[in-house]
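Here the chain labels run A, B, C, D, E and F in written order, and each chain numbers its own residues starting at 1.
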Amino acid sequence: MASFEIDTIVQSLSEIRKEWRASQKRSREPGGREFPSRDALAEVMDALKGALFPMRLGPTDLRHESEDFYVGHTLDTALHTLLAQARLEIRYQHRHQAITETEVEQRAVETITGLANSLPHIRSMLDSDVLAAYRGDPAAQTVDEVLLCYPGVLAMIYHRIAHELYTRDLPLLARIAAEMAHSQTGIDIHPGATIGPSFFIDHGTGVVIGETAVIGERVRIYQAVTLGAKSFPTDNEGSLQKGLPRHPIVEDDVVIYAGATILGRVTLGKGCVIGGNVWLTEDVPAGCVVTQARSQDTPRTNCASSSGI
Amino acid sequence: MASFEIDTIVQSLSEIRKEWRASQKRSREPGGREFPSRDALAEVMDALKGALFPMRLGPTDLRHESEDFYVGHTLDTALHTLLAQARLEIRYQHRHQAITETEVEQRAVETITGLANSLPHIRSMLDSDVLAAYRGDPAAQTVDEVLLCYPGVLAMIYHRIAHELYTRDLPLLARIAAEMAHSQTGIDIHPGATIGPSFFIDHGTGVVIGETAVIGERVRIYQAVTLGAKSFPTDNEGSLQKGLPRHPIVEDDVVIYAGATILGRVTLGKGCVIGGNVWLTEDVPAGCVVTQARSQDTPRTNCASSSGI
Amino acid sequence: MASFEIDTIVQSLSEIRKEWRASQKRSREPGGREFPSRDALAEVMDALKGALFPMRLGPTDLRHESEDFYVGHTLDTALHTLLAQARLEIRYQHRHQAITETEVEQRAVETITGLANSLPHIRSMLDSDVLAAYRGDPAAQTVDEVLLCYPGVLAMIYHRIAHELYTRDLPLLARIAAEMAHSQTGIDIHPGATIGPSFFIDHGTGVVIGETAVIGERVRIYQAVTLGAKSFPTDNEGSLQKGLPRHPIVEDDVVIYAGATILGRVTLGKGCVIGGNVWLTEDVPAGCVVTQARSQDTPRTNCASSSGI
Amino acid sequence: MASFEIDTIVQSLSEIRKEWRASQKRSREPGGREFPSRDALAEVMDALKGALFPMRLGPTDLRHESEDFYVGHTLDTALHTLLAQARLEIRYQHRHQAITETEVEQRAVETITGLANSLPHIRSMLDSDVLAAYRGDPAAQTVDEVLLCYPGVLAMIYHRIAHELYTRDLPLLARIAAEMAHSQTGIDIHPGATIGPSFFIDHGTGVVIGETAVIGERVRIYQAVTLGAKSFPTDNEGSLQKGLPRHPIVEDDVVIYAGATILGRVTLGKGCVIGGNVWLTEDVPAGCVVTQARSQDTPRTNCASSSGI
Amino acid sequence: MASFEIDTIVQSLSEIRKEWRASQKRSREPGGREFPSRDALAEVMDALKGALFPMRLGPTDLRHESEDFYVGHTLDTALHTLLAQARLEIRYQHRHQAITETEVEQRAVETITGLANSLPHIRSMLDSDVLAAYRGDPAAQTVDEVLLCYPGVLAMIYHRIAHELYTRDLPLLARIAAEMAHSQTGIDIHPGATIGPSFFIDHGTGVVIGETAVIGERVRIYQAVTLGAKSFPTDNEGSLQKGLPRHPIVEDDVVIYAGATILGRVTLGKGCVIGGNVWLTEDVPAGCVVTQARSQDTPRTNCASSSGI
Amino acid sequence: MASFEIDTIVQSLSEIRKEWRASQKRSREPGGREFPSRDALAEVMDALKGALFPMRLGPTDLRHESEDFYVGHTLDTALHTLLAQARLEIRYQHRHQAITETEVEQRAVETITGLANSLPHIRSMLDSDVLAAYRGDPAAQTVDEVLLCYPGVLAMIYHRIAHELYTRDLPLLARIAAEMAHSQTGIDIHPGATIGPSFFIDHGTGVVIGETAVIGERVRIYQAVTLGAKSFPTDNEGSLQKGLPRHPIVEDDVVIYAGATILGRVTLGKGCVIGGNVWLTEDVPAGCVVTQARSQDTPRTNCASSSGI
């Protein structure tokens, strides 16, 4: 039987943590976790999914005639758990500043109340996404199949909630929620991205949508599409400048086929179509079709018609 | 402490559900879930994995000499759970038509009996897939490693079962099973796809194989390969035509390297090799090698030899 | 109610297992699992994550002042569980050779003791990875967000442990651990790959890093980058030759943008930059920038400057 | 390693089951459990406890303002689970007779609807029991302590529900529920017993109350009190006659101290007091005190006063 | 399918709760549970058991050399959970009075710190109890068997902790803990009872020990022994007077055999022996033996010798 | 927030453990648990209950036609777990003596094989107990109710298995199993007690049956009956003599009513009846009735008839 040198290893790990904390200018004060919990948020997200779609994503033994009881009870529990997580993030945001507990509470309540009140709107948006997927995929047989089986829809359920958290100044909770969707679906949407109704992502693995992307209505994209940044401007001291608009604007009714990469603050005009694997770093006027034909040469832009690729 | 306006939110969500159901021409009748359950199916799939490979994917304390007891007990439970889910899907399929409970039962029993009887065949096919992976990957050290660690093999366990469900007219259960594999492996195989023995997917993230794809024996593909549709024909009213053959036919012994995209009902002839990142929308004769050499220009097709890329 | 022919199916499955075992030259002897367990290893990996980052990835109710108690208790349990798994793998490695239980024990203890002692070093390396991510992504707001939310960091936690297992001759446990990360993040790093400090993978879905790849310090890569093999040499009998160096060497400070594919034992020199979607099978000198400009033609190599893509 | 003769043991056990079934005149037909499930009922009882006392026995994170949502959702789920169990018991009751599924359904619905409608009454009765305990025990400090900590109250929650099941002709479910209470509290109340409001059992271990006992209002009993049967009349064939009144009648305001044994269909008149360890098989007039003084001789009955023992 | 009148029942239950709260003079204010949680305390008690006896009642995979890590981590978690429960009870105690959060915190910390510091003493006391059981029961074969299997020892682990809670003014938590032991063992010890070292209860079912009982060293009692109150004095208004000494004093080295009942504030002198089923309401001098010989007549007191019954 | 002196408490507890181990002459050597685990045994007992009565105490979704698969799989797992526990107990028994691992293994295998082979016999005995309960209780309506609801039957399932463990020299495992039954039912049967077929315990709370008791066929006993020891002979050094016959012999067809206490190695002759609360320390001839009539005076023995009390 082995006798590991547990004491020594514990000691070494403790010293490395101390160094790290020193390098991060943190004092090691007694106390518990001052940071939101992934597990707690996972419970909240599951509960909200159930509250939004009770008969499809709620408990299997739920019955129509008592949906509202379930929704009410589930929301109450989930929102109060989320409130507790919001307090943790707000305190964390102010870990180097003064903030009173009263201010923390006020901000947390305001934020989560806002999120709660937006849930009906979120459900409406998601209904439009479900319909868009049903209409956009020849393999889809019913809207119920779409809701239960399409990773793109699952990713949007998480995103539309995460985006609310992000715009209400809880970027960390938003990001944790977004990564849950990423891990399950392979679709990586930054919670900052603004996405209109009736959005459809097919297959989805490898999709990346950046923080400042803006997407209109009825947009359709396929697997491995990137809406990314082209370069990262640095400030005078060489640090990255954070928060600048640096991802594409995609107007209404655009379609982007699999593997296309669109980089930088370019605009894809209303109704244009971007072919598979196309690499784009410039604006595309409304109604144009950008393809690579059969060969891999310069993308060909054709703005007369908008037939599919 | 916050007091959310739970009553108001519950009311709004209820109204949005009503609107949705009206738009979907559904009446809200009392009663429980009329729809298969993802959790129930997940249990079934886990049990079938164990029954197919008891000493590798079954319980850790299983012993050789009582494998058959385990397999028999597990199958009996799993098949009856699956039968219950089949009933739910069959009733759902007929939600706008008349069907007697006797007919439901008859179809459900017929279907799941058929699936049950095909399990030995499925195991044989999977054995061929495991061997193909072992032979095809220089990093593979044993067949056991392949079975336990290769996402491509996991995806095929799900697919070969899901395909049986699909061909026996349970497309929804099939699809749910396929998405479980997609979520775990990043490999998205539509359950309608027909795949021969000794199939090997390496790495696998981003692979997409469409509903009407047909794949022969001893085919090998790498990550991010797409076997997709080129365009979606619409009918006179502008709706997508569903179910038409629209994905590639891949004949025996073909190899498709990472990132290649093959679109439409094209045929890749026996033994041909498609290089990485190649974009193809036309047939390739048997024995040919399609590559992009070093540059990104037009794919070069060379039909004299079939040496690896 | 259906009565499945369970007995018949059990019998058929049993025969197929017999055939398989015969083909694999295995005798069916009484006894239990002789193979490591994925579930056991999953517990170990969770515990090690907690022991390495107690206040972030440990239990939510942990407190600073008793971190060391938690770390010590968790390590002790996890290391002994890992020791048991190591014994299983060592016995499995010698299933066709003679090995005494004493030798098994000696090797297992040596191996896991070595791993245990390397944990402080692993933590240091991971700290450098966290900082690299924070500095490299304009969307990252704090190091804590990076640790909790970045799939690239999660993949590296698994990899740095898996790599220790691999170099200490437990390739199977290493591989199982690597696949856990692959399934959660879509990032597929073979445990054999050698990776220096301050490594950052952004987004990550679809990244593949091969067994013999060697990566220097401060390297940054994006989603869907492949560091793969170009061809697989076979020996005289046509079998793949296993273990040869066949993946790229990436020197310090290299950046590889999304979708780039680098194949074969090529060297990317210090500080060079590989643009998105570039396909490379040759060496790149230090300091060069390889891009595809706006079009998809031959990659353009520019070695005078190294401005971002 | 042992190799047990599992096959042989399985075979022997199978034969013994066959013999048992033959002796019980049962045929072994294919099919599942035709018998209520203890686990399912345990869930129902837990849910009903929570629905009856939401802020004390419901989930710890419940909040006043959403009690009704919780109660409604919990009741709906619990009652439908109970309905399914009721069907099982009704079919079981008729296993030797013809009964249509329609009749089963009708009886099950009628029964569980009746139970559901009686829940408010049950809660009122339990409130009176809680008050009785609080008033009767000098150690009780609050009504909340009584509800959470007193085994006598817990036993009455189970009993008042079990009694409803019993009187509505589901004696088996009733009995299973009663045994759950017995196991947790050591208090064995047959679900057939009729018990008035404001009933208080202190300590409770060893209390036995028989099937046909009738207990009035404001009765108080202590540990190890038996209200049992004196003898069991047999019919002409020597079998026990089932269902005859054979347990005591206890009128209002009676107190029975620890260890007293009252056997047979005797009546303890209003307000009488039975001392500890007294053994009684005859009626006691209203207002009398039966004690054993200091010695163990004949119980002394004093009907002038009713001071405590 | 039944449609229960859930709305109506929910409404009725809600009204009954309102009536109850009105009768208890409680306002229904928004907010969550203001009351300790049984589940939380159950976790604490399990953790404390493990911390007190790590190699016997701790986790099965614990190892000697890391006991202290386990004990430290477990204590830290358990004590903070207990602290949270203490706050709940203290606030509850003052629900009709003013108390600041600072006062709550101060009292909670003081109390639980006191309990924490008494744990080594508790362990010593329990060691003496284990030895007493081993020495007192001819069937006991090892001290380990005693610790693992004797309900009397389990009851004392709970009691010695519960008594600390009680004496530190957390009577509700104390009582909940006591009832956990009662439910598992059938032994009902009020947490107020004062019990010296080396106490042994054999078998135990039905034992009742009252709130103000005082028990010396090396006392031994058997199943169904009651140390109870004789009568409950009421105050001028007829309410029970709470907290008066009303249970027996049992001096050192006393033995009380099964089923004996001792009522009231009597004293059993040092070394006396009370026979089985004896009913006692008077003092017994030191060294006396009280038995009922073969018959059930007046107990016979023999103060010359102290041979066993 | 409190900062407990965890380090100090951990240190104190560690010292007390050291003292205890010193007093028990144990060295503190590195290593894990050398003692059977209650949790492991609980799993074994649950599995054996299911294997003995698959359609009643097995999983709820079990079906008749695959009972044998379930029984075989369950037995195999349970028996190997039990084997591992047996090794632990055997090593523990020899902790102060030399024993080779081979001897441990041999004894463990022999013992558990013996137990396994006795399972069919145990099932037969239990069938007789179930019938006895059904016939003996006027409230019992079916044999299934008896099996599911009667604590006396549950206690006998545990006892008949525990007794096998005891007679095969695994007294510790036997005792742990017995205490599980005691905790659930309030019935305390020492695993050493020898009990014939068709044994019925009604209600059961408070029953105590000692280690050397011998009970014939068709015996019936009620709650709170004690079959105990009268006195404990000590050896020359004042230590208790362990293992001597010291509990009653109860011959066939005896009935013992509630609360009766029988102490010492007395014999209750065939067919005799012992009335409620009777206190007996002498032999009773066959066919006699011992009662206390209405008063509490000397038990009256009537050997002419055997009518019930």
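Simple rule for what comes next: a residue touches a chain if its C-beta (ideal position, glycine included) is under 8 Å from a C-beta of that chain, and two chains touch if they have at least 3 such contacts.
Here the structure is a predicted model, which means the values were calculated and not measured.
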Exercise. Enter the angle, 0 to 180° in steps of 5, of the rotation superposing CA atoms of subunit A on those of subunit F.
Key: 180
Exercise. Please decide if copies subunit B and subunit D contact each other with the same set of residue positions, more than half shared, or with different positions, and reply same or different.
Key: same
Exercise. Average the CA atoms of each chain to get its centre, and name the chain whose centre is farthest from that of subunit F.
Key: A
Exercise. Over half of the contact pairs shared by residue number: find the pair among B-D, A-C or A-D that meets that against B-C.
Key: A-C
Quiz item: Higher C-beta contact count, E-F or B-F?
Solution: E-F
Practice problem: Using mean C-alpha positions as chain centres, tell me how far subunit B is from subunit E in Å, no decimals. | Solution: 59
Quiz item: Between subunit A and subunit B, what's the gap in Å when you average each chain's C-alpha atoms?
Solution: 26
Exercise. For subunit C and subunit F, let me know how many angstrom lie between their CA-based centres, rounded off.
Key: 53
Quiz prompt | subunit F residues counted as touching two or more neighbouring chains | solution = 3, 6, 10, 30-32, 61-63, 65-66, 68-69, 71-72, 76, 80, 186, 205-206, 224, 259, 277, 292, 296-297
Quiz item: Where on subunit E is subunit C touching in the complex?
Solution: 59, 61-63, 65-66, 68-74, 76-77, 80-81
Self-check item: subunit B to subunit A touching residues, read off their complex
Solution: 1-2, 4-7, 9-10, 12-17, 20, 24, 28-33, 35, 37-40, 92, 171-172, 175-176, 178-179, 182-183, 186, 188, 190, 192, 205-206, 208, 210-211, 224, 226, 228-232, 240-244, 246, 259, 261, 263, 277, 279, 281-282, 292, 296-299
Quiz item: Given the complex with subunit B, which residues does subunit D contribute to the contact?
Solution: 3, 6, 10, 32, 65-66, 69, 80
Quiz item: What does subunit E use to touch subunit F in their complex?
Solution: 51-52, 54-56, 60-65, 67-68, 71-72, 75-76, 79-80, 83, 108-109, 112-113, 116-117, 119-120, 123-124, 127, 135-139, 141-145, 148-151, 184-186, 203-206, 223-224, 258-259, 276-277, 292, 294-297, 308-309
